[in-house]
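In the part that follows, the structures are each spelled out as structure tokens.
In the two complexes that follow, chain A is the common piece, with chain B as its partner first and chain C second.
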Partner chain A sequence: MKKEFIIVFLVILILAVIAFMVNDLFFTHQSQVNPYELNTDSLKKTDSHLIGYKEISQIHVAMDELNGIAIDKNDHILVAGSNLIVYDQNYKELQNCKLNEVSNCLTVSSGNEIFLGMQTHIEVRNMQCKLLRRWKCGNTESVLTGIAVDDENVFVADAEARLVHQYDLKGKFINNMGMEDTLKGVPGIIIRSPFFDVAMGRDDEIWMVNPGMYQLEAFDKKGNMKSSWGKQSEEIDGFCGCCNPTHIALLSNGSFVSSEKAIPRVKIYSQTGEFQCIVAGPNQFDEGTKGLDLAVDSKNKIYVLDPVRKQIRIFEKK
Partner chain B sequence: MNKIKNIAVYLLFVMLTLQAFTLSAKNRFPKPEFESGHTQPVTITPSPRAIFFEYLDLVVLLASLTLISWFVMKKRSRKGVFGISVFVILYFGFYREGCICSIGAIQNITLALFKVNYTIPLTALLFFLIPIVYTLFVGRTFCAGVCPLGAIQDIVAFRPMPVKAWLEKVLGIIPFIYLAFAILYAATGTDFVICRYDPFVGFFRMDASFAMFLIGGLFLLIGVFIARPYCRFLCPYGALLNIVSRFSFKHMSITPAGCINCKLCENACPFGAIDMPVPHKEKEKTEVIVRRYVILSLVIPVLIIAGGFIASNFHENLAMVHHKVKLANEIMNNTNYGVIGKDAIEITAFKSSGQTTEQLYTEAAAIVDEFNTGSWFFGGFIGLVFGLTLIGLTVFKYHPDYSPNKANCLSCARCMKYCPVLPEKK
Partner chain C sequence: MNSEKDLPIISRREFFRKGMQWSILLGLGGITVGLISKTMSDKTIWQIDTKKCIQCGRCATNCIKNPSAVKCFHGYDLCGYCDLCGGYFKPGTKILTTAAENQLCPTAAINRKFIEEPFFEYDIDKKLCIGCGKCVKGCGAFGNGSLQLQIDHSLCDNCNECAIARDCPSNAISRVLPKKAYLMQGLRAHNEWKNKL
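Moving on, here comes the complex of A and B:
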């Protein structure tokens, strides 16, 4: 009798399991919870004590597409995109010329030559927008996203090739840098979105972002890696998301200004990569803002190009 | 026995060492870490394997099947079967994480037959066919210990109790119904329900929903008293092998020589798969048998048609499991999967796909049409199973010995040790 009871109970249990499976297949709504959804609300909150800058002004830029910003030795502000616009120190427009194709990035040399990174070539113009020379850069698939210049060389970040191409000022190719070389400890540039910036350091070193590795890397002109800093973290002192930072600039004391996407924010790091303060937090940008190019003037004011609001936003230390 | 154990251990060691090659691969990107408490969901299917390893799985399957068949048919060794079972749990279970699997391969075969754009992997095809071929020659030795799902249940059958024959028959119909469901849903590209409701794969992968862990645990718990409940009352591949095994050229026998009707093996089978001797006097007259067959031959078509008719009336309900039909239904009725305040994920995904609702409705209507046709076959098949079960219940096969039922016997070799008869000397 006892055995029979156990059998009956277990058979009922089997039928209950089958009933559960049938119910699950036919009558249960599909799960509405997206298991892959990452809630980033907490990351968008900024500790006000960490904000070390205040926004002092904005310049509205009348341009269809704006991608790059640079500042010359006279603190003239240059913006490139579908146009090339030059503003003076008082934000008065000095030049505005339509470009033949959209420029992704720009820089300006000490000789006041403007170097524009187009899709696959470099254009050099003077302050009056006159085209001085141009040369092909990379290959037909190249996406030039960052450019830096010193007295001898132009460094062009190619997001497609994941390399920085080095040229002389006339466009003669010299070298590539940033390619993976495990023997020399170069990890290689990892890019998962078309943001790859390059900037000149104080000691003639070339700083480039490695967004997939969440770090900045410095190279000498021979392509040897000199140093790197940065870490992946959801804390404010690190870089998070798929690939950050997107853009960098250097202050006069060698500190770094970085901008990020996904959680749009601008931060300051010391010369050795320690987090210093926030320039602008996510709540100061519109949802979905990305591609915040940066520039710094002689007074260490930070210029952030906001492509969503189509503004140059100027920040000054508190 | 020790030799077999050693071989199994060495083999497993070699497999794990080979696997280490893939484990040593370096991540191209560092895996993001989330300090906010967000946990990344673990993918539920094992990573794809290099083709070499897929063929290695085939070799292991062939070797295991050959070895276990040899243990059952020649050596008559329950210990050998047990050893293979342990190895299979380790290899096809925990190491291969329950995939690839002959049971699930039914769906790959079906999908390949009905959807021209699906190409079945050769290994999946062979994993489906090889056990069937072996069954055709030596009975269900695959079920004995080469199937990891069967093996894991087999080793927990500590206190098996007999189930009434009528109950066994009734519950034994369920695997055929499950098989029909699996084929219908695979043929229409709806879902692989066998994989979705595999109760033990969660243990093998150490990852499953709580409900599936619970179901797996329940099956193992039930399996302590009712041996191999999944194999006997659910397994759709077992249903196929049940049919094939009836026509097997050879099959294991309880006794190595002539049965002496000592009755020692009568309760030896935990699956109730031993046919008792039928006394000669119970043998029916030929005209009675003929009359019954005539009646049943008329009943079966009726059952098939009735089954098809009933199922076809529910084809829309059956089709609702298909995600596109479900989506079309939710959009048409504006029910948004019961989500309030924002679009359900499925609706968001649909909107971002760029497809129009008219296109979706057209696709859904075509799928429902497929279900209309498929449900006739589905219902007809179930009607046929009921009919044949009915015939099976009414037929008395005269046999004077205790013998394994070729359809239900899982060739586990437990009964052999109960037989006192010694093998005939050659």
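Moving on, here comes the complex of A and C:
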């Protein structure tokens, strides 16, 4: 009896040793903490109480490369990239034409003319995609990344030249704005990656992003700087990364919608630049998403162009 | 059907002689093939494909060299010369100073130098860099990805079986020809990538 007990005890002991060795050989490595692992997950967490918008719909865009979005006065949605696509208010495709060259940005005038920023030139097309006119913009190295239009002028953001070119609607050059001028207190545009957006304000001012300075700057049509806001911070109320925000749009009350890269998110700021709420947090975008162009319709719905998912994502206030 | 009588008759001496000749020929052929393949493998070197690298940190711990032959290299023409550099500062750093507690690099191998407002230059001190890739991940996550991990061929022993290649979870390390010794991504293809000495 005693001998049997010893045998059973030894068998259990051997099995325990084998189990320990198997665990040590095959499983412990997986749970080892890497001392050099950089975890950035904490920066990508968002407080759900700060989210003021909900995603109500998506439009899948069948296009190889999509870069820019705009909305006209009739709430038609226009998307540009390798193609130019026009959707109606019910997201039905009205026009789809292949462009000769990839467009980086677009805007639409009150006269329903579509202004497309190509690599080094501007194309003006009608709603049927017919080319009306085109003109050279900047130099051969230019990278046109943003465009805005009012009743008289077109403003084109040139990321290579780091300034905004001002033209009339026919393409006649008027002025450059955004150049460094210490006497007038203009810091100059700093661009560290090819994102540089421009938008029209409610009072005919021109808002341009200074991504390297993490701020938005307003200019009058003579190129005088009127105001600026924005701060560098990893907190939710600031902009971080090498250069942010990448894109902006304005709501009807003059508030700003901004989108960022690195930590992909869309936020709302007041007319004076105070953080208001989050439209979409990083967990709503795929890893590495950048270049989220923005547009706002007449009902203040926010349209985010997601180039990774190839979707127009529509957000409405909760 | 052939019978045994139709087959050519070979003497035992002839059989051994021919057998010996074929053995010598096969042996020489084998040695030649072996030498050629060894020569060819000697002409290739280990390198990290930056597109596949996930900065897991194993390059710092698994290389037989101590510190690792993997180093961080800086592609200056990709760099934004940012004040708030994701490769230099720990996430969440409030005040952007060179204080040790702010630095992401565990060995303080990155030197930050003021150029002009708001530009800063970042140089890698090769002697201090252990190839952990923390700065590379930070730069890629928040910046332009100008910091990249590469095997420094002035330090690598070019082992037959590279210990970090064997353990690399993304299979980012492979043998390349010496003319493509460094696989860094950058704006200018002709640019010669190297750390400042």
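In this text, the second predicted complex is superposed on the first by the 279 of 318 C-alpha atoms of A that agree within 3 Å, B and C clash if a C-alpha of one lies under 4 Å from a C-alpha of the other, contacts with A are read in each partner's own complex, and residues count from 1 in each chain.
By definition in this document, a residue touches a chain if its C-beta (ideal position, glycine included) is under 8 Å from a C-beta of that chain, and two chains touch if they have at least 3 such contacts.
Only a predicted model underlies this, so the values are computations on that prediction, with no experimental measurement involved.
**Q** Would you sort A:M21 into first (chain B), second (chain C), both or neither based on which partner it touches?
**A** A:M21 contacts chain B only, not chain C.
**Q** Please work out whether A:A262 is in contact with chain B alone, chain C alone, both, or neither, and reply first, second, both or neither.
**A** second
**Q** Between chain C and chain B, which one touches more residues of chain A when both complexes sit on the common chain A?
**A** The partner that reaches more residues of chain A in the superposed model: B.
**Q** Could you say whether A:C97 touches chain B, chain C, both of them, or neither, answering first, second, both or neither?
**A** neither
**Q** By the touch definition at the top of the document, which applies to A:M213: first (chain B), second (chain C), both, or neither?
**A** both
**Q** Considering only the touch criterion stated at the top, classify A:S193 as touching first (chain B), second (chain C), both, or neither.
**A** The second partner, chain C, only.
**Q** A:L10 contacts which: chain B (first), chain C (second), both, neither?
**A** first
**Q** Which partner chains sit in contact with A:C240 here, chain B, chain C, both or neither? Use first/second/both/neither.
**A** both
**Q** Looking at A:L43 after the superposition, I want to know if it touches chain B, chain C, both of them or none. Which is it: first, second, both, neither?
**A** both
**Q** Show me the chain A residues, by the header's touch rule, that chain B contacts in one structure and chain C contacts in the other.
**A** After superposing on chain A, chain A residues 34-36, 38, 40, 42-43, 190, 192, 212-213, 232, 234, 240-242 contact both chain B and chain C.
**Q** Given the complex with chain A, which residues does chain C contribute to the contact?
**A** 55-58, 60-61, 80-86, 91-93, 104, 106, 118, 132-134, 137-138, 141-144
**Q** Can you tell me which positions in chain A touch chain C when the two form their complex?
**A** 34-38, 40, 42-43, 190, 192-193, 212-213, 232, 234, 240-243, 262-263
**Q** Along chain B, where are the residues that touch chain A in the complex?
**A** Counting only chain B, the residues touching chain A are 28-30, 32-36, 38, 40-41, 161, 163-164, 167, 171, 174, 193, 196-197, 211, 215, 218-219, 222, 225-226, 229, 233-234, 317, 320-321, 323, 326, 337-339, 344-346.
**Q** List the residues on chain A that touch chain B in their complex, please.
**A** Counting only chain A, the residues touching chain B are 3, 6-7, 10-11, 13-14, 17-18, 20-21, 24-26, 29-30, 32, 34-36, 38-40, 42-43, 190, 192, 212-214, 232-235, 240-242.
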